[in-house]
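Before we start, here is the structure in question, set down as structure tokens.
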């Protein structure tokens, strides 16, 4: 773990290598940008004249728009390269596409792709900052940061000793993977919850045992952990990645957070979800829109986090 | 009818509830912006730093680009969420998508959707101004406003006592519906023209009888009204909404505005069309491009109207 | 050949009518913009408040993004009208679409379309500058200009007497056509190389014999010319235009620039390619990424050239 600023890496590829001090530094910047997102402070012009390229080889309207709003709030312009029209997701072609965009003199590349490690591959080949907006099953660091920011807000700035359940398709989830790194780095314990097909045993040992780092455990029984955890993060069931493979027929009955289950959670225990929600499947509408839900706050924090990341990487290299 | 400014509603969902004074107020603002559209006045920066979201769940390149140009002319940035990639058009999901965009801190949402009433549904769930860019068969208020502006320009600022024919598929047309409200509010009489399948009898009683409001009548015979009206507004035949259902085989012969028919109209009677035109079907190319045509002026006025609406709703809530 | 500035035409439709002085003038402007592209000079605000419409009826992510970055670097905003959603590529409808965009008060239209001569057709019907970004098999002038700029940089500002090979599907290539005009205008001799099906004999007489203009010749044997030319420009084999028709089965063996062939070229002879590359087909990856390659420099120069063209046409008509 380095004590250098996180921007010294020049990219944001994942949360695995960030220390708790670095994670807190990004979240602190994001907090400072929040009044701009809320419209109670004038926009910043930190990135005036900069051009950010959104290279989204997989579709993700919300993440793309969040990055775009963040860039515009800082005075930057955005060019979109979307879907199959941009390129294939083959490794070679991905590098070709990115090399070309970089050669056009854009100031940063936000990359969403199906290939795990695609963001790092890009970072090795271009001379501009690369921001990982989700690469295969690897990481989705800005999602991890916005979840971290939201939980830090909720728990008054400290996560040490807190127990956070992440429920759903852990094996396919880059969101779970980024959260594993950042939540444990801040000292929280993480319980991964889901059927054995979606929560393989090896996930319990992904994160190293270190002083100050939280522990990871696995449970295949949501009801058994629900009443003891301090926060519940529901994941989206991604049928599009599975053809339903590995998702038990009784998934909703066993792992869906319905009104009855939410009623058994302790007072004040919040519910998070990265969106978009399969309403009535992994999460009941009444819970998603109810008092436990931090979901829209996650969305707002997402813009602030992306402002912090863009500002950190693009303003500093000027 | 209220005497308050139209912006007090916080949204623009339709023209049905706007008084003639409010309609004139928007058109007056649009006239003031027209020199910016024409490039003979520097751009305004009224909306500098604002971000407008174009949420177009139905495709409409022209309307979207018109809103985008209007926003840029006022110094605002635009993020596009287009088509099926943005979300489904199911009510619940529409609200989810819009809630998320609003939570990102955008300053306004321009919505085009297939669901009649979709814009109002959104306005009930988000805390930012919603501008209806066409919702199902309900309304398309900025189209109604640009048509009104164009006709007011042509008739020297007064429509009272004028007779305006709207020709085509009235039943499916949100354009016709918005125009019904605004034209009669300004005192014009409207004749709805088309075959009985496309112009149901109940349309004659949509608009209430009120002092100062024009009357609505129905005709199934274009030739019978053509020589007596003061303006003719042709609608686009929307095969994509019908599978041709309800459109008579001899539609063009009976309701198309060809050169011969245009020749029988009185001197100076103008022709309007919301575009895009099915050339040679509802409107002959010679008429669309001829001296009666106000069609490109409608397009120019459309940018000015959208500037007025964006400025009214987004600059005032600052 | 006129001595007037190239902007006096009001559009950029092709390179055929530009003199060597006019070509050098655009390239000179582009050289002046290059530090902005490289990020070593602050952005210009020459086009602040201007709105450029990208009307791309054929897909071309790279060219569109290059124009967008160029516009943003000059302070302009961009609206995209893409693919089949924008309109059909039928002549009449193309004019309709463009007339509408122009009526919205945009300051310039960048057009990519399948119809040869489509850009000129537009220029006849709209009152704003039209920039041809590739029209059918006619011209792709900004590609020609960036190739010219790249070769002038390589050869110290003079092309007279140089011999440039253009290799590939000459018959379908608007890139080849634009380069034919500009390279010979600067005094370079051009050798068109490919199988007879792709390099028809009539291409040898497209360019007139004029004092100061280079000559055009044809070769069906790459190996016969490879060791004597001063630069090699490989074209993309466009299977999408051919269904493979006219492309010999042994194309790669006879006309691909592989490592062995590149090894026989004289020291310092550069390789260009307009991208995207079919790696391993017309060009070996080792050559594309090797020391002879000017391909990424072409990409960078492309932004500078498009800045020069946009600034020339849009700033001057203000």
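Note that the chains are named A, B and C in the order they appear, and that numbering of residues resets to 1 at the start of each chain.
Note that contacts are C-beta pairs under 8 Å (C-beta built on N, C-alpha and C of every residue); 3 or more make two chains touch, one makes a residue touch a chain.
Please read these numbers as outputs of a predicted model, since none were measured by experiment.
Enquirer: Have a look at where chain B meets chain C and say same if over half of the interface residue numbers show up on both copies, different if under half do.
Expert: Here the answer is different, because the shared fraction of interface numbers falls below one half.
Enquirer: Can you tell me the C-alpha superposition angle of chain A onto chain B, nearest 5°?
Expert: Going from chain A to chain B via C-alpha fit gives 120 degrees.
Enquirer: Cα centroid separation between chain B and chain C, in whole Å?
Expert: Comparing mean C-alpha positions, chain C is 41 Å from chain B.
Enquirer: What are the residues of chain B that contact at least two other chains?
Expert: Residues: none.
Enquirer: What residues on chain C touch chain A, complex-wise?
Expert: 36-39, 42-43, 59, 61-62, 65-66, 68-69, 72-73, 78, 83, 275-277, 279, 285, 296-297, 299-300, 302-303
Enquirer: Which residues of chain B touch chain A in their complex?
Expert: Against chain A, the touching part of chain B is residues 49, 51, 53, 77, 79, 81, 85-87, 92-93, 96-97, 99-101, 103-107.
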